[in-house]
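In this document, chain identifiers A, B and C correspond to the written order of the chains, with residue numbering beginning at 1 in each.
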Amino acid sequence: MRHARWIAVLAALAVVTAACGNTTNEETTDAPDATTTEETDDTEETDDTEETDDTEVTEETEAADGDAVNLRWRTRPDNQAEIDVYQSVSDSIDEAWAEATLEYEPGGTETAAYQDALRTEIAGGTAPDVFWIPGTDIADFANRGLILDLREVADGNDSYAGDDAYYEGPMELLTYDPESQASGESLWGLPRDVSTFALYLNLDLIAEAGAPDPRELADNGEWNWDTFREVGQAVSELGDEIYGFGMNNWWANPGIWINSAGGSFFNEDRTACALDSDEAVLGLEYMTGLYQDQLAVPYGEDSQPPYEAGQVGMQLTGRWSTPAYRAIEDFEWDVVNIPEGPAGAVNWTFWGAYVVNANTEHPEQAFDLITRLTDGETQGQIAELGANIPSRTDDPDTIDTFLTFTPPENNQAFIDGLNSSVPEGPLWEGDWPGFDTIMAPAIEGVVAGSQSLDDFQATICEQLDPTFD
Amino acid sequence: MASIRLPSFKLPRLLDAPRWLTLLTVWRLVHALAAAAALVLVLTSETIAGPARIAGLSASILLLLLDLGGFLGLLRRRSLGRSLSLAADYLTFMGAVIALLQANGVFVGMDALGATFGRGVPYFAVALLAWLLGGAVVKEGRDSPLTRPLRIIGWLAIGAGLLAVGLLPGLATFLARTARPLPLGLLAVALLSAYLAWRTFQGDMALELRISATSQRTMDGLLFVSPNLLGFIAFFAGPLLFSLVVSLTEWDAFGAPTFVGLGNYANILSLNVQFLDAGQSASAALPAGYFTWFTVGSMVVGARDVMFWTSIRNIFVFTLFALPLSTIPALLLATLLNSKAPGIKVFRAIYFIPSIAGVVAVALIWRQLFSATSGWLNYLISRFVVFWNGLPLVPQMTDPRLQWLSDADIALFSLVIVFSWMFIGYNAVLFLAGLQGIDQTLHEAAMLDGANRWQRFRNVTLPGLRPTTFFVIASTGILTLQLFGENVVLFPTTTPIGAGPENSTLTPVVYLYDQGFRRFSFGYASAVAWVLFILIFAFTLVQFRRQRERVEG
Amino acid sequence: MPAVTGSKRRAVLNRAGLYLGLSAFGLLMLFPFAVVAFGSLKTVSDVNRYPPRLLPATQDVVEVDGEELELYRIEGQERVLVERVDIGIFAPPDDLEATVQAPTRDAERRGGFLDTETVEVDGEEYELYDVTIGGELVEGLVQLGSTTAGIFALPEDRDDTVTANVRTAQTVDSLSFQTSNFREVTDLQGLDRSLTNTLLVTILVVGGTVLTSILGGYAFARIQFPGRDAIFLVYIGSIMVPFVILIIPLYQLMVALGWINSLAALVFPFIFNAYGTFLMRQFFVSIPKDLEEAAVIDGASRWTILWRIFVPLSMPAIATLATFMFLYAWNSFIWPFIVIGGGNLDNHVLTVSLQQLGGRAANFPHLIMAGVMIAIAVPVTVFVLAQRYFVENVATSGIK
């Protein structure tokens, strides 16, 4: 028995030992080490690098191109279909590109925690070379020195299509230089795609309620806050568990009503809070009315499941919801642009960018990868998914291909939305996570009625101004 | 003299005790020089920073002191010299082994094991089964003819499992990796130190230095405790001290920390009370930098860090409800369970299940039940309302259609429900153990005195349960004060994550996570952690005092 | 005699009341599990259905003339949904309250599109329709609104139709279990990998803790050495320190070791456990000294005594410690969430995977429930097998 115990201890050790064997044989380790030695052309040393170089290498690729640069990249997946497409994008770029070996990894989460986890990994030194982050977070990452200013690399890269090949709004924010406080100087990344809100309609419920078809109203120029409310009212009267309207609870949703009322989160140059303007408060007042008159799925409840279950007449959400909704069989659906408020229908340009980890070993190749990930071909491939709108504007074909991917029939609604929209955050002169942390509960309070609009108007900017530099 | 022998193999002793003593004395000096060199290296290096620097500094200083002490001790032929020398060599051995494993990527390589481990699981299951059967056929301590074959099957299954998991390629890689200068050096150091320590530990050295029994026992004891103690220092005591230091700095984890003294604590704890004049707004009355926490009548309480104080209020309210709700019903349940009726164990098991399902699973289960649009809870309530309104002669009720997770007035109580549901059964089992420990004769005596059931419960059961009650309240309280997982799972989309509608479920740990891992204010988050620690400590202390007083009174 | 029967009756009543109370409470504890267990076998529309129902079911489909049609129960008769039509709400202009509903295809606009006849009622202008209702032509109605409805026919006679609201129509369902949900959720979130990761981590944590605790506990219990009691006091004190305070420094330590996003970060910090040492020490202290004295006289080393005498005697305590650590390692959330919650899905353990599944599959509650079932399967099985030790673990921790 005594021997048995020793064998047990040895076996446990052996298991731990076994761990490192598999590392090179089939799986990949996880520490892209900052201490990695310079890539060497010396073939004799490749053996050695295999051992010391902890960046992810698989055996086949090592065998194929011994001195290839290895790049890990990541985007936030919203569903499995998207993961698959990005994987195939990664594979085809990898195949066509001799200089580098790619490894795509989907981000872990699709909520805001994606970028929080990424920060954690950068601090831990395990973040990938290239990653996507939402537009709101660009400034925070840049100001903390977590991502590279790619301007110099871009200037030396022939395949870069130039800043004006992409949507202007995002590029203006992506090229901001916090030191000179001017746009067009730096380059923090390139937009992966853009997106915007639309109302996803349950046509069956609207027809049952006898309400006018919002798409026809929009065609006739009658799609505004009043008719929107009428449609919502009619649908919500169908039954207790039927709601006229639904949207989820994050900053962009109240933002739509504030924008369309002529208000804004920030002042024009994004250096101070502007939520106390009369227009912003008007937008909130309209939105609050929708909830207090019980037209809508309660604020803060997830409105996606009831929409998919056929309980919601109009669901405000972005283009990214399309793939999930394509699986709906129980009712007819389509999209329409958001209704016009006092200042028109002012939508968001949602965008996120591929950026380069400040600690990457290979900035040139990383930038090269970004241009490849945003070229027309790749964008078309991704647009097919239905989740995204191409971020390139220099190629009309890309937009046309996007329009042909149905359902929804009314893809034009997204292009219309983009044409009258405000690009989402970042706050170059402030702290967006801090801003959001204070704004979100305040708006929840207004909708729930625990804070009056007057109170909100009087105090909100006082609380938010400390989040600006 | 009982000592530790490595079983089944003997090493050569090479030299006799006096010569070995001389050699060891010289070795101590060499070792001291190496430790000093390491110290200089750590001090001058710019790449070694943070925890690595602290660990390097403390390790090399410790070794240096042990070496010098050991050297002097051995020179004077004191037994202490042997002890210190042993400690130095032993620590060097442990350090070298761990460094070797780390350098060969064994720890990080565990991840790959996760991929292949699944292949071994069936084999391990077979092994487990074989052993269980082997244990079952043993009767009255005697092996049956089946025991041996079963044991062999078990070992074979383990072996097969290890092969399936990838033992051989693993060992091969390990050896290949060891064949590099650094790992080879570490291996050499490890083997050398191990032999030195073993040789010094032998009986002849003990005789040579006339080692006392106490000294020998100390060595034995420390050797046994050492794996535990070293880990304890590395993963508990060290980090605890580090945390205290970090809490005095401003540090965003990407740059260098700046020392700010007690500034973080001042910012967290600052409160300001003002009385409003007629028509004055709260924000106008408070000094700059303070924001309204709450107002009562004309009194306004402001705080620099309103979110922290909100989290304190929330956790206070939460504990106020969750603590009684997860203990008092548990006590009642335990008195029910404290019966010899058949089938009682089945109930006990059922009540226990929520506590083993884990926070995440439990919270996900309740998230479905709480849904305001399709959840069971609202459905059952509205069915009840319909039923109630159908009764004659009752006031009519309206269906409340509660928004369990999106109404700021309710969200915290939804958490109370989840928490209590999870821990009632667990606490009931605790109480049950306490009840069964109460002397039955006391009950019988009280019965003879004519005490009724309530009086017996009040005067016999409750006093007898006091230690259990203390434990239940203290351990449940510690859990409530650290509420985090439930929040994150139930409120994944609020800003910050887990804070709930209007920050109504923002707890101190949720706030700590937000500060630490979303805003990357590591110093500030550490300070929050210490404040929370003091709170928890005070809570436990108060409970402890109360228990003491009652026992004494 | 009556007194005896009285007390007997009371005993029976007592027992009945006891079982009633226990069962009511048991229902409270089991019902949420039942919802999830059945929910994990539902289709997405079934799980989102309101009002909810416990058992998983799907709507029946009948084949009529080569067409697959959904089956409903309308006014007690089983009927299939043939088509959906737009319905107009019409009323005579002189009495707008007297509305009738008819498919809009049965309504004809008077005068056609070019020359529509209108009528003014209460200052509003309405178009006039001729509507066929129940085979009869009713002339001169105005349309007040519209809705939709379904035409339901008898499966055996497609000409026997009724019109009714589809959404509120009662469906004919039968039980059906979507076992494919489990595979789907496993593929979606890589739960198989999370499961083996969790197993691995749990085994290592349990094994490591038991090993270090036995060694430490033995020293604290049986070897007198200076400083022992002081160290032991620190150990006991450390049980009181909440884990939150270690999060940030431990995270930094993991960064220094390069263990972020690695399973090693979930194992090694947790195998040196003060509580376990304490538990083993308490048990070892209670073992009579004379049991080991014979062995000491035989010249057995401490190592031998520990493994040959103490450990076999301490199996209940070891099992108790093992169950405790098992639950701890299997269910721990905050630390894995922070240290491996990043993009490397391969290293996720179940708690982290489940939490992320809660976000990713928010639209698919049936998949979340399937994930929950997978995650709790192992602990519940182990609990059922080793119930005694779980309960003992709780009991000992309470008494000490």
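Following the convention adopted for this analysis, contacts are C-beta pairs under 8 Å (C-beta built on N, C-alpha and C of every residue); 3 or more make two chains touch, one makes a residue touch a chain.
Since we're looking at a predicted model, the values are computed, not measured.
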Inset, instruction - Weigh A-C against A-B on C-beta contact pairs and write down the one with more. - result: A-B
Legend entry - Taking each chain's C-alpha mean as its centre, the one farthest from chain C: A
Inset, instruction - Using mean C-alpha positions as chain centres, tell me how far chain B is from chain C in Å, no decimals. - result: 25
Inset, instruction - Would you mind pulling out the distance in Å between where the CA atoms of chain A average out and where those of chain C do? - result: 29
Inset, instruction - Express in whole angstrom the distance between the two chain centres, defined as the mean CA positions of chain A and chain B. - result: 36
Inset, instruction - Could you check chain A for residues that touch two or more other chains and list them? - result: 2, 27, 30-31, 111, 113, 120, 123, 241, 302, 305-306, 309, 311
Legend entry - Junction residues of chain B, two or more chains touched: 7, 108, 110-111, 113, 115, 253, 373-374, 492-493, 517
Inset, instruction - Hunt down the residues of chain C that sit against at least two other chains at once, touch-wise. - result: 48-50, 251, 255, 258, 262, 304, 338, 346-347, 359, 365
Legend entry - Complex interface listing, chain A residues touching chain C: 1-2, 5, 12, 27, 30-31, 33, 74, 79-80, 105-111, 113, 117-118, 120-121, 123-128, 204-205, 207-210, 238-239, 241, 302, 304-306, 308-311, 324, 330
Inset, instruction - State the interface residues of chain A toward chain B in the complex, per the touch definition above. - result: 2-4, 6-7, 11, 14-31, 48, 51-52, 54, 111-113, 116, 119-120, 122-123, 144-146, 241, 243, 248-251, 297-303, 305-306, 309, 311, 433-434, 436-437, 440-441, 444-445, 448, 450, 458-459, 462-463
Inset, instruction - Can you check the complex and tell me which residues of chain B touch chain C? - result: 2-5, 7, 50-52, 55, 102, 107-108, 110-111, 113-115, 117-118, 121, 214, 217-218, 220-222, 224-225, 227-232, 234-240, 242-243, 246, 253, 333, 336-337, 339, 341, 343-345, 347-354, 356-361, 364-369, 373-376, 379, 421, 425-426, 429-430, 432-434, 437, 467-468, 471-472, 475, 478, 481-482, 484-485, 488-489, 492-493, 508-509, 512-513, 516-517, 522, 525-526, 529-530, 532-533, 536-537, 540
Legend entry - Complex interface listing, chain C residues touching chain B: 15, 18-19, 21-23, 25-26, 28-30, 32-33, 35-36, 39, 48-52, 192-193, 195-197, 199-200, 211-213, 215-216, 218-220, 223-226, 228, 231, 234-235, 238, 240-253, 255-259, 262-264, 267-272, 274, 277, 296, 299-306, 327, 330-331, 333-334, 337-338, 346-347, 350-351, 354-355, 358-359, 365, 368-369, 371-372, 375-376, 379-380, 383-384, 387, 390-391, 394-399
Inset, instruction - Provide the residue numbers of chain C that touch chain A in the complex, in ascending order. - result: 44-45, 48-50, 84, 86, 89, 145-148, 165, 167-168, 187-188, 207, 251, 254-255, 258, 260-262, 304, 307-308, 338, 341-348, 352, 356, 359-360, 362-363, 365
